[in-house]
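What follows is subunit A paired twice: with subunit B in the first complex and subunit C in the second.
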Partner chain A sequence: MTADHQDFPGTPLSEKDFEQGNVLFRHDEMRGQYAWDTGIAIGRYLQALREGVILGAYCRHCRKTVVPPRSVCEWCFRPMHEFVPLQDTGTVNTFSLCYVTWDVKRIQEPEIPAVIEIDGASPLHGIMHKLGEVNPQDVHIGMRVQAAWKEPEERQGAITDILYFKPIEE
Partner chain B sequence: MKTPDKYPHVPTAWQDSLPVTSRYTVGLAGERFFRSIKDEGRIMGTYCPECDRTYVPAAIFCERCMSKLDQWVDVGTTGEIHTFTLLYTNYDGTPREDPEAIVLVKFGDGGLIHRLAEVDLEKVSIGMEVEAVFKPAAERQGSILDISHFRPLKE
Partner chain C sequence: MGMRKVAVVGAGMTKFVRRAQETAKELCWEAARLALDSSELTMDDIETVCLGTAPDAFDGVHMNGEYLSDGAGAWRKPYMRSYVGGGTGVFVPIQGWYHIASGLFDTCLVVAEEKMSSYYPHAQAAFLTIFDHTTERPLKPNLLWIFALEMNRYMHTYGISKEDIARVAVKNKRNAADHPSALLGDPNITVEDVLNSEVLAWPVNRFDVSPVSDGAVAIILAAEHVAKRITDKPVWIEGVGWNLDTAHWTNRDLAYPRYVEYAARMAYDMAGIREPRKEINIVEPYDPFDYKELHHLEGLLLADRGKAPQLVADGVTNRDGDMPVCPSGGLLGVGNPIAAAGLMKIAELFWQLRGEAGKRQVPGQPKRGLAQAWGDLMQVGTVVIMGR
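Presenting the complex of A and B:
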């Protein structure tokens, strides 16, 4: 539809117009502070990450292990049986080569977000993270990877305590 | 259920902040409205002949009949208080001893919201005539705060 229009209404502005003071404008910054209640399961998950462990939750009725852990089983709605430590290795389920940052800046070296099926969890259960120490052209579905952790004293109980996942030879 | 309800050493909340910034451009009418304040110390409105209404702050179109407005009028720098309130709380939520008076001053068929100062707060009333006090021309930046405040019109 837009192909039919050559001239759009409005006044196009460039960054120059702001720098040179051609237009009046206001800059503002919202105070976007928040506190998100982690709940029982994610709270324990973050605590385990600080200890260098990826934690899952096991439902004995469904015989399923999910990651990140949850306190209630998504399939049978019963309480989870227990939290279980998983391996810090896994398999790339899907990935993307991303040439823009989260705040939409172009980058030359791509970031590689990926869903990684964690060893010890049920098949197709995994977490989203980044890949590193890898040639972007070599990334493929089914690739075996392992977590690269921050130094123990630098971990703060966050998903970023894992820096990225890197390929492993097996 | 073996799952414990609580882990006393586990933090219960994730604290962070969202980096939200904005850049607001004042628009075609706002551009002329604020530059008139900045460069000439004048408050301008736009007039709609169809609806016989004067918009202050100036608008580029009539919100009643959607006509494009191009008749600019100087509405002067004095007007009467349409309504007012006394603020006993600062913007950060702390209480303040001396209230700040915020007024809606009528200009044309609209008006400006601004501070009222140089006044005995006991005597503020609806209908009171007030005048705009502009900052020195060198300090003006093309903002509504180029008007420092309003004060009662000296008789």
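Presenting the complex of A and C:
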């Protein structure tokens, strides 16, 4: 079809068409509010974070320690009821220097999202968080890091009870 | 397994544009009409309709499949909408395939649509809702994060440079210059242009990423006895596969897409392919980011791990190379209206295998092609193998 058909439907618009009123549009804002139950495993994870501990879960059958903890092991589909405290240190598995926010606003100082393999969990098992107290140019894969916690009285039982992970000397 | 043979007998698509004046329903109808016209069928000949469209958050319409149904020609017909994230565009023809292979229907119209521009001011923010609401969303993640994190891990594991990866963007955007529906075709783009484009989320620069787009694609599937009455050049669906990994994406190896390999093995087995590197003549892997094309070639077992960049550097993946990859121009060049972009790859194989791809035609009368898409939280692989 394409060889003998060059005229494809579809009418491109530009931002100007909106500004100059060349096209009609309807603008609307939707607000959805939710209260998500944290469940059994993540509930325990958040409780532990409030106490300054990163919690994992151990599967006796697969001999794996995963983080965040869950109620069921996806490998064997057996219950995973053994929650184990892990270290609050780890190794940078990968990272990015991100110059745009979640809603695409430009920022000068990059955010540094990373996957951090948590000490005590099985190899390649980590969580997503951010890095801080570090020059972005010095961040590298394999870098050793430790959680920077909020003050105990400010913790709410949330992933943000860890402010970020910061480099450590060992 | 007693499955019937299924062929693609028609295809149509709209332009892929940053923002279309047409609504999502209108885009669906335009693509469906072209697909029907190309096979000289009418809706009376179509027994069932399958629709693919990605997250409802883009459109702000709950039950988007039902909302789009009249544009997709589903009025008073058995109709289903499928959704597997970015993998949807190559999953929805699989859904159409099993509708017919099972013997339930003889003809199926498959439509994939995306209108990402409605979300205001930028579709990117709608992606926040793909992350876990309790353990990840409070960090205000951006979709670019997961790609940047995966790309960095891939580069680090195999010692791959940004130049190696930028060659993919150059190849695909140059290929797209020959596609009449393309949004970002550029015959003169260079590796330097990609490396010098704005850094969004290092190691991802602007030209490493495919653009947010609006568009729709449709194909028509038919059972063997019907296909042979419709056309002299049916393109057969020889194998399909799909596979999903865990949503706990920080608990697995980011350097290798195991789920793509499993999807590919399922499709190769069905197609009776033992040596994919010799038996696949054209590849249309999912390329929303340039490194993803390389990542997927490795998962599809079409390159050794960490060695896909060498194929690109050696010209093997050029349109006139030994294994052309994304001769359409891919998502990086043609555009990325998510579900439509995946089905565009199926349409491209249909045109290529029939020798109807015009300026994009791969030389040497290719016999067999593979299309693949990918999505969710770096989780799903969907694969279709087509041959003539």
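Convention: the second predicted complex is superposed on the first by the 140 of 170 C-alpha atoms of A that agree within 3 Å, B and C clash if a C-alpha of one lies under 4 Å from a C-alpha of the other, contacts with A are read in each partner's own complex, and residues count from 1 in each chain.
The rule is simple: a contact is a pair of C-beta atoms (placed from the backbone, for glycine too) under 8 Å apart; a residue touches a chain by one contact, two chains touch by 3 or more.
Just so you know, these numbers come straight off a predicted model, no measurement behind them.
In the superposition on chain A, contact is made by A:Ala114 with subunit C only, not with subunit B.
Touch criterion met: A:Tyr34 reaches subunit B and subunit C at once.
With both structures placed on the common chain, the touch criterion links A:Val67 to subunit C but leaves subunit B unconnected. Contacts of A:Val100 after superposition: subunit C is touched, whereas subunit B is not reached. By the touch criterion stated above, A:Val23 is placed in contact with subunit B and with subunit C alike. By the document's definition of touching, of the two partners only subunit B reaches A:Gln47; subunit C does not. In the superposed pair of complexes, A:His125 makes contact with subunit C only, with no contact to subunit B. Of the two partner chains placed around the shared chain by superposition, subunit C is the only one that A:Thr160 touches, whereas subunit B remains out of contact. Ranked by how many residues of subunit A each touches, subunit B and subunit C are led by C.
In the superposed model, A:Pro9 makes contact with subunit C only, not with subunit B. Of the residues of subunit A, those at positions 11, 13, 23, 27-28, 30, 34, 36, 38, 46 touch subunit B in one of the two structures and subunit C in the other.
Across the interface of their complex, subunit A is touched by residues 10-22, 27, 30-31, 34, 38, 60, 120-122, 124-125, 128, 133-136, 138-142, 144-145, 148-150, 152-153, 156, 179-181, 198-204, 214-215, 246, 248, 250-254, 351, 356-358, 360-361 of subunit C. Residue ranges of subunit A in contact with subunit B, taken from their complex: 11, 13, 18, 23-38, 40, 43-44, 46-47, 57, 71, 79-83, 157.
Contact residues of subunit B toward subunit A in the complex are 1-7, 9-26, 28, 30-31, 34-35, 142-143.
Across the complex, subunit A meets subunit C through its residues 1-14, 23, 27-28, 30, 34, 36, 38, 42, 45-46, 66-68, 70, 74, 93-104, 110, 113-115, 124-130, 141, 158-160.
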